[in-house]
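Working notes, beginning with the structure itself.
Chain IDs A, B, C, D and E follow the sequence of writing; residue 1 opens each chain.
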Amino acid sequence: MQVNEHKPLIVAFCCNWCSYAGADLAGNNRLNYPADVKIIRVPCSCRVNPMFILRAFQRGADGVIICGCHPGDCHYTSGNYYTRRRMAALFSMLDFLGIEKERTRVEWVSAAEGAKFAATMNDFVEQVTALGENKRLEDLRCKR
Amino acid sequence: MQTITKQQLLDKADSLLANGTVTAVLGWSKGEFGYDVTPKMFTTKEDLEQNFVWNDFCGVNFSKYLVSKTDRFEGKILVFLKPCDTYSFNQLLTEHRFDREKVYAVGIPCEGMVDVSKLKAATGDGISEIKEDGDNLLVTTIYEDEPATVPCRDVLLERCINCKSKKHVAYDELLGDEGEIIDSARFDEVAQIEAMTPDERFAFWQNELSRCIRCNACRDACPACTCEKCVFDNPNSGVENKAPANSFEEKMFHIIRAYHVAGRCTDCGECSRVCPQNIPLHLLNRKFIKDINEFYGEYQAGAEVGSRAPLVDYTTDDLEPGEVFDRRDMDA
Amino acid sequence: MNNQYLREELIRQSGVNPKKCMKCGKCSATCPAYDEMEYHPHQFVSMVESGDIEPLLQSESLYKCLSCFACIERCPRGVEPAKLVEAVRLSAIRKQGENRMTANDVPALLDEDTPQQLLVSAFRKYSK
Amino acid sequence: MQRVGVFVCWCGSNIAGTVDVQAVSEALKSEPGVVFSANYQYMCSQAGQDMIKEAVKEHNLTGIVVCSCSPRMHEATFRKTAAAAGINPYMVEIANIREQCSWVHKDIATGTEKAIILGKAAIAKVNLNTPLTPGESPVTKRALVIGGGIAGIQTALDIADAGFPVDIVETKPTIGGKMAQLDKTFPTLDCAACILTPKMVDVAQNEKIRIFSYSEVSEIKGFVGNFDVTIKKNARYVKEDICTGCGACVEKCPMKKVPNEFNLGMDNRSAIYIPFAQAVPKVATIDPNACNMLKNGKCGLCARVCTAGAIDYTQKDEYINEKYGAIVVATGFNPISMDKFDEFAYNQSKDVITSLEFERLTNAAGPTAGHLERPSDGKSPKTIVFVQCVGSRCDACAEKGKEYCSKICCMYTAKHAMLTRDKYPDTEVYVFYIDVRTPGKNFDEFYRRAVEEYGVKYVKGMVGKVTPEGDKLKVQASDLIANKQLHIDADLVVLAAAIEPDKSARPLATMLTASMDTNDFFTEAHPKLRPVESPTAGVFLSGACQGPKDIPETVSQAGAAASKVIGLLAKDKLTGNPCVAHSNELMCNGCSSCEKVCAYGAITYENKEFRMPDRTTKIRRVAVVNPAVCQGCGACTVACPSGAMDLNGFASNQIMAEVDAICK
Amino acid sequence: MKVSYFPGCTLKNKAKDLDMYAYKSAEVLGITLEEIENWQCCGGVFTTAKNEIATKLSSVRALKEAYAKEQSLVTVCSACHNVIKQTNYAMQNDKDFSDTVNRYMAEDGGYFGETEVYHYLEMLRDLVGFDKLKEKVVNPLAGKKIAAYYGCLLLRPSGVMKMDDPENPTIMENFIKALGAEPVIYAQRNECCGGYVSVESPELAKKNSNAVVRNAKAQGAEMIITACPLCKYNLVKNGADIPVVYFTELLAEALGVKEDTNE
């Protein structure tokens, strides 16, 4: 067995209007962040069902980050306000069950914040890498 | 030990049936043993006389049954509601789950119901007969000749020990005296778990949830779980029901279930009451309730009809998901 | 003359990014010691950036900067020229035997009102 | 299962440089449903699109995955290609292997591995795609223009000219905006009022145009083609339809010491006022903060002198509801505050002024009747120093200046300098510049004339300190070419203050759900190809609200915005976005959770009869989504406890398939 | 209220007035200045180079002592204030710097810039309040036109000093108003007097100092107040023809405690 450092798998849900555009801007500006981050485009952060997050963990993701427009700037006016409540409740519950709180994050990244997107991803990957493999929420049957 | 008597309930049922106010009565009926009381629709006086029961085991929350019992029922149904049941009753009305016009609700006082598991733990298995004797139960088992005396208050359901309200929030008519909302200690145990280290919390829940056999009793009893099609029964939902293969499964199931009822759960405690494995499922629901109260202000689901649940609401200055943890660190 | 090593060192030590400069000249416009200087604040920025540092090291200008931070305060790009001047000066005086001022110089400088602050500051700036 | 074709784009070397495109198209060949996989240099080119069309025909494809740049760039292109090839445009998915892969990862192995995973996710999604058909909604044939400056005026005139009714909402008592305050315009030097006021009159006389002056937009609901807007008409205490604008009230008003905002506070007006002679509408307005009658009921003089009986002290704010098919934002700009730049002594001396104040000082209708006099003592200045880029191109401190170039200052400063030298040849004029930016028709020629013909002294350098001393302004500056520090005793210093979007823009953007950049300029739908449209459908941008602009540019953008509006209003029906929510009525509980989170009011309920397996029927309340109103955010899908609510194009099973593909 | 107090070299020597009046006046205003034990000279100027560590340690020691006593740290001298605030800022924001410093001073725990540093003027504005100061004035300096001379060190760099608007400050003007006098606004008030360069280039200091005094007088000043001994030295030495006094002296006079100190 190799003793390589664990390469984390990060699923990033990005809203189409701000954060996905922010990720594109990071690309336009050639701002590096680890390839461990895989982005799934959703119309709005409020499209992210907690079930998607649990599904990702189940399938072996080591961290899940949800990115949306800044509060007040939602393309759909209020979508990210719901996200904020939903994720606050969900994350608190995961923490209550003893799941490492560092594996989940919500970050508001605007379409103008390519640098913030890259910095956030770098930071999150570092944070999740430090935790090691996700063992507490994974479903072993889903492993390769 | 209930203050209201079976006869009072029967008299009320009889008279409402007789004067045509209602055409059916949703009540408790005797099961195989003295403690396994089940819900039943009564339409005749005779049936009521023979099978209607009212005792310390009538914990079941009737509100949920109104959804399926009223939808194609012509006429009105009489339902007896304990204070905690009335919260579920309102919550279901908020969600338009049944037609209020089809129900005649009679509020009845409740002094707390008995937890069969606790009773069995006190007397041993094989209970053959239970008699009430004031504040005590006289329990005969097949293994002992002499009935054991068990004080009711020692074997109360957890939800009754931490009863949040003796006040009815909905009824057409009230039998007996109205009680008060109680400043209960129901969040204490949640707080204790919150105070543990993450590893301790994980171990705690690993231990509790690993007993789950996925019988779905919690879901089936839950008055908030009235979906036309439950996600766990839906092959397209991605979380379809299957027997648990490992510890992840239970966590996934219970997190989703608790999340689905978050903001809508009235904390009636049916989930824990019916769990055959005695998993303290109510703690998950109470965690959400406690969080919601702390994050967004006090909210009691079902306290009034038409209120907006916190998770379908927002303010522009809500706390950030990341602050959820800082907040606890600060409190600590 | 292009001293890349010293350029890197000065940039690191000062924390200044000379690339931010848009060559507006406001630093030199606001500098109270301008007329005493051979190389002016904006020249420090552009000369360090191009690695043309030797003339700066040799220049009296190093000892004319008042460290008054006016150029730092008023630069529209946040370049902080005074920090570069300081870094170049330190490179000069940190060399063996290059102290600009020694204790022997003090008596000549004193008058009865000279505040300690003056001597202390001057030593800080001129000697290592 | 679909028959999927995978097309991997090299984007020249943009993708192929860090992603082994051959390996990607090979690896994706074996994914479920994939029957064809290829790569090509530029998929978005005609040849690339033809390749897709041929593959569709040849391999009977039902789904297309393009691994290329961001879907925000070319999703629409490839959807059109699919439609041309005869398959539903919504059977296309894009894997973003450029912005989110090749451009951010340096190592080929890493980039390739990630590109394959992103491709797999797109394939997993497209396998679950369903053909979608957009719905239709009607169009209200009326436009709203917010802002009555030159941008709003031109847009309104152009729309009205095409035959559609237009309303202009302007917060000031008159339309005209900043241009009405200007003296001359560059590079032709025609007088601003001479070219603007006829347009203002046109607006007033155009039967298709209504002006809501002294008003603001207070609420916006609805969506493209069907906006529902509430306009708050502030009480001006004068009946607009009766007032003749004779000015008798203004003359008689005893409260004459109110700083005149039209002249930037350089002189005073009365409590009841008409901002300037050519105001439109030319009606008086009472300033409630200055009027004694309104403040304490003592006076009433204006009512007594008004022969028309137009004064109404009891007037209340009025709210007007109107429906619009399109909204044009033309909220304009303001110079930034000079408070944080006191090295130039703006707060210390009256003789340090901004360029807009200089416009009023030289304007024949201004406080000095066009005579260039120092505000402090009325003397003619003999030496004038103009300072460019005050607060522009400044990224040292966000609360102080603006990072962007304000674009108009180089030209108006050249104009000011030239006009000063023309009218007062014995005045010495210095212009301190960092760069002189003149990229416009006849612009550089104009600037050169100021130097060569009029002898304006342009100095490459910046002013570092202005010290008012006695009746002089001691200017300390650098001359970078001469490598000298200059000390000039000036009589007047003029600061070319950076410009910023009007403060009303941000709350308006929130109401419109239109996006803004960090500087509060409205964002275009595409910076190059859709410069006058906001990303929010039906919202268009005109003038400086989108970015700094001079008058010619503003007018051309105003016309462009108008033509977009006309194009929209000319349609009878709009084709909507098919990626909207829909409720599975068999699973819907009718619980109203979705309705509560819908920001658009797109969800209603109806009682529906269901046949049960036992042949009885039951009536149940179920949610119904109005596809014309739904914007497709998906908030309802998560609020729905049963999962009855799902979103076209972003269905739960599609997103979970993506999750699975990524995590596999 | 008790605060830690860093007097600095000059106040114990050539600028005793600045120090004494500061003590006396603070007492009147209900603030006790507790002098830092064994304080060492701040160094007079802050060296901006990131690799200058040793010269900043004395400031860190003073900051740490105040932190240990859970007190704010007050300075009167502009130079000490500048050096200590810049050092504190570096401790907060430059991790390399704070790590190195904490390694040097490792005896007990780390320090990361927790102490609040106040200039005496900030103390008057933020801890006492100019309104309250006004109430305590017994000898209002009515009719006096006084120019506040900030010099360079008090306000800059503004991002670190966070004392006042660096180009249009009001703190000393409001101080003057609180004492009942009339402040004179003049543009040169935040320009450098010539500082320590006067040892090498007295003519430069003379030019700058003269410009300051000339501008103040032209705007009508009858007196200049300062917080910096070096400013006072340069202005006076280069021939200021109106009085240049420490602001604390003016404060003591207005509070009626000036005579006491002369005993």
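Just so it is clear, a residue touches a chain if its C-beta (ideal position, glycine included) is under 8 Å from a C-beta of that chain, and two chains touch if they have at least 3 such contacts.
In this text, all values refer to a predicted model and were calculated from it rather than measured experimentally.
Between subunit B and subunit E, the least number of touching-chain steps is 2.
Any chain that touches subunit A and also touches subunit B is listed here: D.
Using CA-based centroids throughout, the chain positioned farthest away from subunit B is C.
C-beta contact counts were set side by side for C-D and D-E; C-D has more. As a whole-number value, the distance joining the C-alpha centres of subunit A and subunit D reads 31 Å.
Distance between chain centres (mean CA atoms), subunit A to subunit C: 47 Å.
Averaged C-alpha coordinates give centres for subunit C and subunit E that are 24 Å from one another.
Work out the mean CA point of subunit B and of subunit D, and you get 54 Å between them.
Counting partner chains per residue, subunit C has residues 70 touching two or more of them. Shown for subunit D are the residues that touch two or more other chains, namely 343, 397, 465, 597, 639, 652, 656. Touching two or more other chains at once are residues 231, 237-238, 311-313 of subunit B.
The chain pairs satisfying the stated touch condition come to A-B, A-D, B-D, C-D, C-E, D-E.
By the touch criterion stated above, subunit D contacts subunit E in their complex at residues 339-343, 345, 347-348, 397, 465-470, 474.
By the touch criterion given at the top, residues 50-51, 54-55, 58, 71-72, 78, 81-82, 84-101, 104-106, 136-141 of subunit A touch subunit B in their complex. Within the complex formed with subunit D, the residues of subunit B that make contact are 71-72, 94-97, 226-231, 234, 236-238, 260-261, 264, 308-309, 311-313.
Residues of subunit E that touch subunit C in their complex: 8-10, 13-15, 41, 43-45, 47-52, 55, 77, 79, 152-153, 155-158, 166-167, 191-192, 194-201, 204, 208, 228-230, 232-233, 236-237. Residue ranges on subunit C touching subunit D, taken from their complex, read 20, 22-31, 34-35, 40, 42-43, 70, 74-78.
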